[in-house]
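Look at the two complexes coming up: chain A is in both, with chain B in one and chain C in the other.
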Partner chain A sequence: MSKSNRKNGLNRRHFLASAAAATTAVSALSAPTVLAEGRPRVVVVGGGAGGATAARYIAKDSEGAVDVTLVEPSRAYYTCFFSNLYIGGFREWVSIGHSYGALAANHGVNVVHDWAVSVDRDARSVGLAGGGSLAYDRLILSPGIDFRAGSVPGWDLSQQNRMPHAYKAGSQTQLLRAQIEAMPEGGTYCMVAPPNPFRCPPGPYERISMVAHVLKQSNPTAKIIIVDPKEKFSKQGLFEDGWQRHYPGMVERIGPDFGGDKVEVRPEAMEVVVDGEAMKVDVCNVIPAQQAGGIAAAAGITNEAGWAPIVPATMQSRADENIHVLGDAAHQGDMPKSGFSANSQAKVCAMAVRGALTGSSVFPPRFSNTCWSLIGTDDGVKVGASYEATDEKIAKTDGFISQTGEGAELRKATYEESLGWYAGITADMFS
Partner chain B sequence: MAEPTPRVKLPRSIEAGVPFTVKTRITHPMHTGERHDSEGALVPRQIINRFVVSYGGEVAISVDLEPAVSADPYIQFQLAVPESGQLEFQWVDDDGSVYSLSKRVEVD
Partner chain C sequence: MTAPSTASANGLRSTSPAARGRSRTAGLAACLASGLLALGLLLVLPAAGAGSDDAGRGKALFGQCKRCHQVGGGAAHRIGPHLNDVFGRTAGSLADYRYSQAMREAGAGGLIWAGATLDAFLSDPHTFVPHTRMSFDGMEGADDRAALLAWLRGFSGDHSDPSPAEPTATPEEYGLDPHILAIQGDREYGAYLAGECTTCHRTDGADEGIPSITGWPLDDFVIALQAYKHGKRVHPVMQMVTGRLSDEEIAALAAHFHRAEDDP
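Presenting the complex of A and B:
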């Protein structure tokens, strides 16, 4: 993985690049040169909104010219987006689960159910927990997030059954919903919210809305407390307005002005300690501080904050041009860490990778994102923007956000728009 | 409705005779009596109408609140105390409930 070894070693990509620069006539022939040595190999790590989309687009659009392998430990993928709606009772569990079968059957993607645990950047190969390895010409890392150890004193992964994070969709999401349903009458649900930056900026607050929706029906004297280290949060005005309209008096947020930035938890006692004062709670949803999924650090491409800096136009790592990073794990600029963003970045990346490996056309990148949130029944809101690639970062060009006081018809239409988006993006990832 | 939760935040260190900031908040919907629920029925007025803080049995600050005050009323004020003692906070609800909190003040 050291850079000096890479410089001294044989590097076919550098050779091709200099050959192409020497004469334009040669550049058109460089792609067949690669093909003559066998199909170029792309390995994608992580089968979420970034990785599944990238694998599907490269395999589909290259029509077999690129060999695509997707490494993903889960056999069934449950989307983090819309998992709050499951907690709120608006979605069935099975409706947010997806299979990788169509990627293999329809597009020839080689789906490997294993954990990627190491990257040898000199040999260009990925090591798997199961013992095998996969060679690549281009590696796409889309590993999502991991939690920063020690960010909430008293909490670690060994406590996630007592105090679930439910911030990677799956059994944790089901556990949290079961705990909310089992709360005693008039009990307390507490969320320890994460510091910036983190996956899905409105996510914790949509979750609060969904928990309130459930409790209002089943346990109306219950309380919801958010312990939050941040001064402000995404769509704050819209959420706070909605909480007062739908769930008056139920939700309390303890921000840094009341010590929300000084929190520890005691899972055995089910206590949350805010600025030295212990509170007894019945459910504690700890969403810790976050960083790029572990494989990004293992590849040696992360910065001090734990995220992987990228070149906006291609999503290539700034540390290694043979590696691309997508979605939550990428340090890219203005886009929020969302499934929509990862899907948008994946299409830009897929085009760049095909262009590099097969000589296909590459167009100027365009990115977009929308984050919908459900506050109550048929009360949907959204925030979104368009983005462009500058040398420095993915930069916001224009945006929009729902307003307080919008009519019920518009809010319902916004929610229905999100249902259409969910059907669309999951088809874009898995069909 | 969930029981209102009062909170108070004091500085970590307080000096005798030197003003310090006291931050207070109580969760409360502050129903104005002018709003309608989703079925169109008028929601009866229910607000916190009075907030009183005393120190050593003496009233330090007393506030009358009106229906225009927003939900979860937040009240911040400056206080100077001559010596260590007990700060008592009381929020009075339209329904007659009184929510209280007590905080020990130790001067350095």
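Presenting the complex of A and C:
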């Protein structure tokens, strides 16, 4: 949208029709911060699906009225979404990397490449690993996930090069793909799947599909084993049907009824022990149990399970109204932990933060999510839902899911849609 | 029907089944444009003044284009540019229509619309002009394309068909209440609601697998969303998205995505 158009938008008649509904949402916010000298300051920690979107929308829509600083250690963000397609050979590595340049150039976001290490909630400031600190009127945390120590006995972060998680995209993803390519003929790939809740519910199973796709071509006698603590998983019927059709006999899943919940790994020996029985594997992809990125706990806003509870209408922390939490780190209700969800929550949060800091209009919040997964070439499926904010949680209102037995044309169209979505969401985060 | 089949006999419709659909890598337009010029095939046009049966068939087939294009007396740009005098037109060249960069570049690279190039484009738009904003998957049958092009040819040149252009979409054809078009949308509210759309639809109008929805005429936009809402167009995502939009919200979205400079 051009600058002049945005101006036109602002000059328009004020909104009346759903003013009543809007007031309800406004009252959920704390009173607008009394503006001290200078512009109100927003600090966003984490430049991923939630954080980049929030920073972009606040800076873009406030047209300079809010000072936005984004703290993110990496200079390029590699998306977890579509990282499985990279493993499957459907995407080039460079195609899933994005820079923060446009956020600074087009919208005036200050991008600070550093780690946030502490939050002083009384002084309202964030400490940086590099030594400085940043004062804020509102702090937005979207740090994604960290792994829960000890959730898979025998595994810790020091073992991630022998047994990669590849659940934060980057060198881990490239390592896992290289290990799969280097598997001996007829070798075994094993995934230790995570317990609920975790980032991207269909993610592990889309990965299985992509690993099978690669091995079917390069190493057709190879075996794939999933050790899974969960009774059931996302889009299970669709995945199992797809594995049957594309990769018959290749994928075996050990659920909790066969000890999938009693697993231990021995990285030195490349062994996985299921219910006391050791098996030798060639690649072991350990996806441990998860919790909110460490900075949320450092800020003291997480619950016992390690996630940060929020107020649905504004994404404010239940523990501190000056902090908002987005994406995977938030404990919010019915939305899956996905990039789409984080992006959707970020727009609700951006509206609430602007409303509180600049008095701009606040409309009733809306959330939505759609997650596509690729099962095989041109065989895409999706699941999606709409959500609304209740006092208690973000609650699902409507939804849909692909069906087994759909025609090839429809599955191909669904895959092509996912390409469009990827182009859309990454532009919505970074352009 | 001879001319377009000449074109395919020359191997111009080189879209193999594997390359069909939206494999967005090949750039046939550029190589074809120069190849066609070199071969002088621009002269191979479908015969003008085809028999009236054929004309009826061509007109009926234009039903697939009609949602987005007008042709005939008083035709204006709608979702796509008007198609009067499209034969001989350089691709992406009408100054008052906002084309995709891809279409403008194809034109700058020498693509001129003629029987053979139109045939190749319509058979698989996204392979012939990768990244075009035209959200149309292609017309499979060579005979169908020939009949359509023969009819369309009648609206190009000195003696073009004077019949008035038909509207792109009307509420009635989807069984919708015409009053939906009279609702004034609030742009500021539309801008907020649009946040839900831009996770999938790009604001720069690029179509990478999800259709472009920027720069549409207001009415076409409202009718498209209302058609999904009332199940007259079927698509699980868009039916879910529109299911919770009120008539006022749909009008607000149309106002937001519409740009004054795109008015016909």
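We adopt the following convention: the second predicted complex is superposed on the first by the 395 of 431 C-alpha atoms of A that agree within 3 Å, B and C clash if a C-alpha of one lies under 4 Å from a C-alpha of the other, contacts with A are read in each partner's own complex, and residues count from 1 in each chain.
Here, a residue touches a chain if its C-beta (ideal position, glycine included) is under 8 Å from a C-beta of that chain, and two chains touch if they have at least 3 such contacts.
Please read all numbers here as calculations on a predicted model, not as lab measurements.
In the superposed pair of complexes, A:370 makes contact with chain C only, with no contact to chain B. More residues of chain A lie in touch with C than with the remaining chain of the pair chain B and chain C. Of the two partner chains placed around the shared chain by superposition, neither chain B nor chain C is touched by A:237. In the superposition on chain A, A:252 makes contact with chain B only, while chain C stays out of contact range. When the two complexes are overlaid on their common chain A, residue A:412 makes contact with chain C while staying clear of chain B. In the superposition on chain A, A:132 makes contact with neither chain B nor chain C. In the superposed model, A:420 lies in contact with chain C only, and not with chain B. Within the superposed three-chain model, A:220 lies in touch with chain B and out of touch with chain C [touch as defined at top]. In the superposition on chain A, A:101 contacts neither chain B nor chain C.
In the superposition on chain A, no contact is made by A:64 with either chain B or chain C.
On chain A, the patch touched by chain B and the patch touched by chain C do not overlap at any residue.
Put simply, chain A touches chain B in their complex at residues 186, 220-223, 225, 244, 248-252, 254, 257-259, 275. Interface of chain B with chain A (complex): residues 1-5, 7, 9, 23, 25, 27-29, 31, 71-72. Listing the residues of chain C that touch chain A in their complex gives 21-22, 24, 186-189, 191-193, 195-196, 198-204, 206-211, 236-237, 239-241, 243-244, 248, 256, 259-260. Contact residues of chain A toward chain C in the complex are 1, 5, 8-10, 12-18, 57, 61, 340, 343-344, 347, 351, 361, 363, 366, 368, 370, 382, 384-386, 397-400, 412, 416-425, 427-428, 431.
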